[in-house]
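Next, two complexes with chain A in common: one pairs it with chain B, the other with chain C.
This part shows the complex of A and B:
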């Protein structure tokens, strides 16, 4: 009898698990990934961006990024360009919002001008690269709807494969397919489908390092555009956490100063 | 004879400049940037060669048509105490056929101290206020570098003590401006000038203290939702001169003491930016108000090819009418910016200013493209069409030009 109850209970659990819709399971994974990285506080890193065209010619850009984690609303971030030298000191300040459009300011060092800019430009290329603006903005859970696809082992890593559709109609994508590492929810790979639902780009993550015991940061991101043959590699170096940033470090005066 | 010796003098300066131009990247690249123990220093800047060609002969004797020119802008930054203390220098120099356009300036040389939500700056600095593209009414701290830019976009370094405080209700800026800098106008060979040459002595001040009369300014700026708002006030010697006739019948420039209150608002709603700038200026000899208002709309990533096209339309009003220095008394500015967002950051900007009552139209075309990682080529064209004889701009009606530039950044 006891055995029968146990079997029944197991069956019920299995049923309830399978009864969970793919949408609910996808959202659950996205939330778990978001929760896993919560509490990083603030971070700073330098970026090297290597653009490769169809002919294999490379050009390199340098920039730095600092981020302040906010839980009630989206994160704040400040990006400063160091090269190409003609745009040195150009900087952007972004206040991400979980709902609605982000607030964004651009600092133009030659004019000493801070200009509020539209954050509608989601799909356009970032600095002539294969990364769109939306690929690099803060990945808030609320910005997508989700659907769990399958579990898969890629390159020896067990992953959840989740499809996510951007909520924003201005997104350049019909959908994205994301491979989450089952162990620590870090991203291993992402496929981007254009608005005609054709495979546009694949992003792979590498050289992961763990900071503060649980915050995984990729040292390398490789974006390949399947339609044009162009590539962009992003290298992240010198990650620093716990800088004690506050809102004061993400003000318009900070934007001007960060330009140095 | 005089003209000949001038040419030789100019050639000597030009060749010295050319040598500096060729050497400076090598000299400056030798200095590497460093960051250690909260200390950071960096050399940067650019050197450039411009060639400006005026399509028609000038209206006045001595004026030339072609102007090769060399530019150098060295920059140095020294930060310590993790960036809470910094020293910033930006120099500027140009060698040109026009003796007045040959000029050197310290754009910035200041010490800045930062602590939490306040900062203090002491020294020469450049400050920009405002939101519109075709006129900068609210922007008043720095004198315009008129020989460098006819459109007023370039500024001279302004000596100041600045205190800035950021709070939950916005940013408060206070300025003490102890010294006034006169606007410099082109020399006899130069274009884009008045019939008479305005020398540095052809100037009168309302204040007996002249350049040493201090000015004061304050600004409050904030943002809430889609709105960015700034309110500012300036008291002191106005940066914009008047032309007036002396009792002997000679022209002179007059700088009066003014009170100017400015308001600038931008609303950012989706792809549309709504902009407004307005000023009220009061003085013992003239009261005025002016307004610039318009929209900027950008079509992003057209056909997924990365091309952005931004459309700007602005209305400009100045109640001084034809007496206004800018001639923007009742005009419409309309422009389009094409940004290809390619690896070379190719961009074009085409714009026109159309007077609503008179025939005057001004056209400008600007383009730029990067070559390699640190070279940039630029073109600029300005056309003056059907300038109305009653407008101030009439004195430069023959000064349409085309310019090519090549700059090396380091």
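This part shows the complex of A and C:
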């Protein structure tokens, strides 16, 4: 009898799992992905951004980025622009928040001042590229609502396909479709749908490397805009972890220092 | 030589006679065969509409290429421009602003939309100490206090980026501009966008009955082209059919003849349409006119054949013999007049604008078909159907009028020539009153919503015509150079000194605004930044603060080496637009470094150059048509001298037409520039008929010049009156088109056709009587006597 009850209970659990709503399952996957990458502490990398227009003309920009992981709120990040020449030394500091708009400061070497940008708009193109600021900023779980779509094998990789809708009404997207690697939850691909729900862009990730045995970082991100035919390639190089960054390295003063 | 030509002419008549006997004998196979031919073409299916305004430009049109080049650097600017004017005359109320907010949000749902600009989502920059705010100018309008509304109004109606672009100075009308990026995969995209935005605006008006709305922009222009072409089919074509039926019934008074003629017309149109469908020709408002033109011209062919048959039968000739006789005398003239008409329409292939190639080719095919069907199907049908004709005396009144006219010309040869020469000379001076003008808004009559809405918009808010300049800065990031920015600002200031300029949209205003905000909104800094780094960094900051779809890409190219200046103009003739554009380029030449040189481009400029290019291309087209038609003519009337003489009554109507047009309207557009080759092919028919009868009387019947004129008037005078009436009626109907290129083309054609007949009735006979003609000495006499015995009754 006991055995029977046990079997029945397991069966029920299994059933309830499979009967889990797509929304719950989607959120579960997003949380699992977030949890998987937790504990990287801080990192630093250099970025090369290659913009290609429809006619194939290229334009390149260089910058560096450092990130500090926070658990109770969104991550902090600091980007320093190295080129084009005119903006060399310009640096942005961003505090992402799990709820509400992010805080952002900019240091302008020409003015030698730090300016706070108070804007809810994070959906415009970043440095003229096909990436919006919202595509690059820290992907906090709370910023979207989720819906599990299906499992799919793409390019020999087993993935979970999850749709997520931005919570922010100012987002440029109606929804995104994300392909998570089943094994390590790294992102393989993402489709962006614009406000009228037409496919706008596709982002693919490549040249993954694993750091500290569990933190997967893409060496290459390719964004293709289907509506304009423009492309942007982002190359990440020289990832360094465990730099012992603290909040002090992400302050307005650190912005000035980073600029030099 | 003369002998051989005579043989040829005789051969033509013999051929016509054999043709006639064949048709009568094999009437069923001939009828079924021609029906099958028309069906085979008809199986080509329906022609699709092509309503993209780009169809007016050939692929290698330099202005089109230049504008495509500019749009590739920035963004493509197909748009829907929605203007909202509250009935209470105040945009800045909670209700109206809320409506605009809602419409703006909804407009993002427009298919293929890439950007929506309104006063509400205008990115307003302000500073509070070291905090920079970049936000929508108006958000949550429903909660604004009267004081806040007043402040918003002050900001919006004084910002140079908004005034005369998205709002008027008084704040009584405002616009929402929806930019769409059409994938150009199929023709339905534009219509899809138009339908969506119309529905959206209708829904808004239901919710907010206080709002008046007006819609313009290039998507609406495309949709207006489509509606114009479609409207012509639905209203003009039935009207034309009605006129044709009435005319044939009145002139021939036979039911079966009328039915047979209608069948010929329908088959001709079907053949041309099928040809169009097989060739993949898309219908446009100009090419769509082919149906009405074929309708008009095909009638003329049939009427010649039909009238002779009826005349013969009234004189008691048996139906089948009448048919054979009609084909004997009409086959060659109908063939020749069809040939010249076809040549005239084919000359449209010289046009710079592809829809006119289509119009020319479709009509040419229709005319070949009309020739075949009116010499095959029509007689075959008449041979099968019962034809009842009342034997009666020919009407006298018309005859007396023509007789009196003949006598008048005969007794006033020299005064007639003098008077018509003076008239022609006077007209030729008036020709120069015409100016080239292709204001594409004016292509549409005021009954078209697109036109009335656009007129409202130009009267109350902004202009519709634009000139764009892509001003280079020599290197990547060079637009941040203060020298570049200040020169650009000077250029902008200079543009504003021109009265025709309504608004200038330039990148400088962004710089000024951001510079001011970076210095605590100090008005002293509403100017260009001091150095390049500063400018570049401000721009970086500003760009990072912009929302989706409102980036600077429409103004600044990707590597920041060029910016776009958009000049909005008042409604001025295209000539003034071209002048302004040239003046602007000259200003840049004189006042800016070489790398800032720029030529004005835009869709407006494409249309502005079109009539000029069209005229140039049509000069060669018309010349070729003229030469070919003259050769046909000289051949047909067997005399180079008279062929040359006949050019006078054929070229002069065009001069007179243009002169009268200059007096009445004073402009020439793409549609008008096309008519000369075309009308030449049509009006030459009058001369062919008149001259051939005159020469026949002189050469074969041995009459005096005066008697020969009388003979020509009495034989073809009435037929010419009837065909001219049909042509004038047909083109008058086309002149009712809501599409200006068609109605203008038709109107001037009416004038030209009328004067062609007048000159053929007055000047031509006078000229003929004053020029000697050699009487045939030998050879022709036996032929002519032979003919008279064979001929049952002299026919038209």
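Throughout what follows, the second predicted complex is superposed on the first by the 246 of 260 C-alpha atoms of A that agree within 3 Å, B and C clash if a C-alpha of one lies under 4 Å from a C-alpha of the other, contacts with A are read in each partner's own complex, and residues count from 1 in each chain.
One rule holds for everything that comes next: contacts are C-beta pairs under 8 Å (C-beta built on N, C-alpha and C of every residue); 3 or more make two chains touch, one makes a residue touch a chain.
Predicted model only: the values in this text are computed from it and were never measured.
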| item | value |
| --- | --- |
| A:81 touches, of chain B and chain C: first, second, both or neither? | second |
| Touching partner for A:121 - first (chain B), second (chain C), both, neither | both |
| Touching partner for A:59 - first (chain B), second (chain C), both, neither | both |
| Which superposed partner A:228 touches (first chain B, second chain C, both, neither) | second |
| Chain B versus chain C as contact partner of A:101, first or second or both or neither | first |
| Touching partner for A:113 - first (chain B), second (chain C), both, neither | both |
| Residue contacts on chain A - larger count, chain B or chain C | C |
| First (chain B), second (chain C), both or neither touched by A:172 | both |
| Which superposed partner A:90 touches (first chain B, second chain C, both, neither) | second |
| Doubly contacted residues of chain A, that is, touched by chain B and again by chain C | 51, 53, 59, 84-87, 111, 113-118, 120-121, 123-125, 128, 170, 172, 194-195 |
| Parts of chain A lying in touch with chain B, wherever the complex brings them together | 51, 53, 59-60, 83-88, 101, 103, 111-118, 120-125, 128, 170, 172, 194-195, 248, 251-253, 257, 260 |
| Of all residues in chain A, those that touch chain C in their complex | 51, 53-55, 57, 59, 81, 84-87, 90, 92, 104, 106, 108-111, 113-121, 123-128, 132-133, 170-173, 194-196, 198, 227-228, 230 |
| Sites on chain C touched by chain A in the complex | 72, 108-114, 123, 130-135, 181, 476-477, 480, 518, 529, 531-538, 540-541, 543-551, 553, 558-560 |
| Complex contact set, residues of chain B against chain A | 40, 42, 44, 46, 77, 79, 83, 86, 88, 112, 114, 116-117, 119, 126-128, 130-131, 153, 164, 166, 171, 221, 223, 228, 266, 268, 270-273, 298, 300-301, 304, 306, 308, 341-345, 370, 373-374, 376, 407, 409-410 |
